[in-house]
Amino acid sequence: MSVPLKVIYNEESTKSIGNDLRKVAVQPIVNYSNISKSYGDLQVLRNIDLDIAPGEKVALIGPSGSGKTTLARLLMTLEEPTSGTIEVDGEMLWHQKTNGKLVKANEKHLHKVRGNIGMVFQHFNLFPHMTILRNVMEAPRNVLGLSKEEAMERAVTMLKQVGLANKIDAYPAQLSGGQKQRVAIARALVMRPKVMIFDEPTSALDPELVGEVLEVIKAIAAEGEMAMLLITHEMDFARDVADRILFFDQGRIIEQGSPKRIFNNPESERLQTFLSRFNRH
Amino acid sequence: MWNWDYTLLILPQILEALKITVSATFVAFAVALVVGLILTLARRSDFKPLSLFAQGFIEFVRSTPLLVQLYFIFYVLPEHGLSLSPFIAGVMGLGLHYSTYLSEVYRGGIESIPPGQWEAAKALNFTPLETWRKIILPQSIPPVIPVMGNYLITMFKETPVLSAITLVEIMQTAKMLGSHSFRYLEAFTIVGVLFLVLSYSSSLMVRRLEVRLNLR
Amino acid sequence: MWFDILPSFWEGAKITIQLTLFSAVIAFFLAFLAGFGRLSKIKAVRFLAATYVEIFRGTSLFVQLFWIYFALPLFGIMLPKMLAGVLALSLNAGAYGSEIVRSTIISVPKGQTEAAIALNMTPWQRTWLVILPQALVMMLPAFGNLIIEMLKGTALVSLVTLADLTFVATVLNSSIMRPTEIFSVLLVIYFVISLPFTRGIRWIEHRLSAGRY
């Protein structure tokens, strides 16, 4: 690939990159370049540039409607950017080269690049007509083309990891919200993506069920190899898990930095106002 | 193959018969609206035999062909001293058949009223009749008007069946013209196009009404 | 007594049931074809499907049957009565059925498609593994009702002299003149034929409201 190596700036220490390395040259697993997105007159993303390093955990915080979710949905190919490019593992996501010209990607190209990405949704989106086991097995079996035995083995291992091995024959409607979300996490993980998106994974849950889901995500993050894009309103969770925090407002990245920097020394007024709402209680 | 001179010759006669079709539609619709409401109320009645009868009637009428019901009204009732003209028998049959469908429409409207409305009426000491007239029906009918409009269009399209009991509406007129000249193509095509144009344009109107009601 | 006329209906009942079942199979096929056609990405396909649906919903089965049986021969297409009946019934019901297919498919929540995309399923897999299985269950009661409408519609073929139940009844009536018994028995026979379908629909609806959805 003729993609130039990007330089990632880490102002302070991160978990994945050593303390003494301020500038590290690695090829980012995800690169957003001058991305904008509009719905008619409403512009939800304005010229976003963002690199995510392999294994890096990036948390997106900010008020609702600030464009965080849209940024994630563009990466999952659920929505198309109005302008700009996205690269995943050095390959264009929404564009492809045909006869030397850059054109809109077709379904085949999307299929190829999308395999690197997984997503966990706010509302779980489990398949209600399948058992838990089939929810997790279906894609390995049909998309990755694994044998039934292999797919099942992978699925069961994954379900054990999220603590639901005893629910494999249940249907989604028989589970609690927290259990549903854990199945959804297993379903996404079983595909072994290089980047995982968590789109407000606990926002639809009853407060007492939030903890179990956050624990599972923390455990996955601790394993390290997979990059994560976390959209969350749980500030303590973001501080614990993320290597870097981005503060979004009105379709722009207003401020970014390590959790310590963002939470202890917020620079912009908007971030200070935003954080003060969480500190009050 | 298609004869325009012949088409223009028969068109006025078919259009003339459209009056019968349209008036049969509206009279039958009125019958369906009234009987449908009665069936709905009977079905909700606390008096078990009445509600069972209404339920059985609805299921029986909905599961048997309109054509046979028309034969029943037109050929059986005279045996028992009730001779009806094709028009009266036709609108009765069509009206009764669709009253069972409209009773479902009323039911849907009524069941969408939140229980709090019934409780409020009780708290205000309304009589059952007042509750129905002033609280329940005024709220449950407007939302279902588009559905009723669609049934009006359906009934309009079904009127050709009345030709089977010799009512001279547009289909019967077309059949007579066809058997006269041995040319069915023009007559039946005119009937088809008339129904298509009228029902399609009315359904667009209903759709617009639906949008307006949703906006409110 | 009324039961002496019962055997006369047997041959007619066979025709009625045959008509209903043949037409139902073809209508089901047409319904999916046109239903998916209306959701197609290709404009010409959408237009074609919509034209078919609007024409056959904009006129009644009665007019369609008479047009196929009496007007088509002028184009040199002479269909046997049974075939004309099946064609009219299935084209008509197929148009209504396509609306059932279309509306249930679009009623499957968008999140389901999104989850399927996130698992990198192909468009084909999204439809077959995720959307259709959910939509099919929702379609069942509506298709059950459509079959009852088709059963009722078969009575119209008697008007083009196909010897179904209703035709048998009218012929019998003109020879023995006992309308009360004949038409009462006829109504009851139709009701009895429809019973498995109405009970089946109710059973499915009950399961759906109680089940895992």
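Each chain carries a letter (A, B and C) given by its place in the written order, and its residues are counted from 1.
Throughout what follows, a contact is a pair of C-beta atoms (placed from the backbone, for glycine too) under 8 Å apart; a residue touches a chain by one contact, two chains touch by 3 or more.
Predicted, not measured: the structure shown is a model, and the values here were computed from it.
*Asks:* Is the chain-to-chain touch network here best called a line, a ring, a star, complete, or other?
*Replies:* Shape of the chain contacts: a line, open at both ends.
*Asks:* Quick check for you: compute each chain's CA centroid and the global CA centroid, then name the chain with the smallest gap between them.
*Replies:* C
*Asks:* Take the average of all CA coordinates in subunit B, do the same for subunit C, and state the distance between these two points in whole angstrom.
*Replies:* About 21 Å separates the centre of subunit B from that of subunit C.
*Asks:* Between subunit A and subunit B, tell me the centre distance in angstrom, where each centre is the average of that chain's C-alpha atoms.
*Replies:* Using C-alpha averages as centres, the distance is 56 Å.
*Asks:* Round to the nearest whole Å and give the separation of the Cα centres of subunit A and subunit C.
*Replies:* Averaging C-alpha atoms per chain gives centres 47 Å apart.
*Asks:* Under the touch definition given earlier, write down the residues of subunit B that touch subunit C in their complex.
*Replies:* Going by the criterion above, the answer is residues 1, 59-60, 62-69, 71-72, 75-76, 79-80, 157-158, 160-161, 164, 171, 175, 178, 183-185, 188-189, 191-192, 195-196, 199-200, 203.
*Asks:* For subunit C, which residues are in contact with subunit A within the complex?
*Replies:* 109, 111-112, 114-115, 117-123, 125, 129-130, 133-134, 137, 212-213
*Asks:* Taking the complex as given, what residues does subunit C use to touch subunit B?
*Replies:* Touching subunit B: residues 54-55, 58-60, 62-64, 66-67, 70-71, 74-75, 148, 151-156, 158-159, 166, 169-170, 173, 179-180, 183-184, 186-187, 190-191, 194-195, 198 of subunit C.
*Asks:* What residues on subunit A touch subunit C, complex-wise?
*Replies:* 76-78, 107, 111, 114-115, 117-119, 121, 123, 125-129, 138-139, 142-143, 171-174, 184, 187-188, 191
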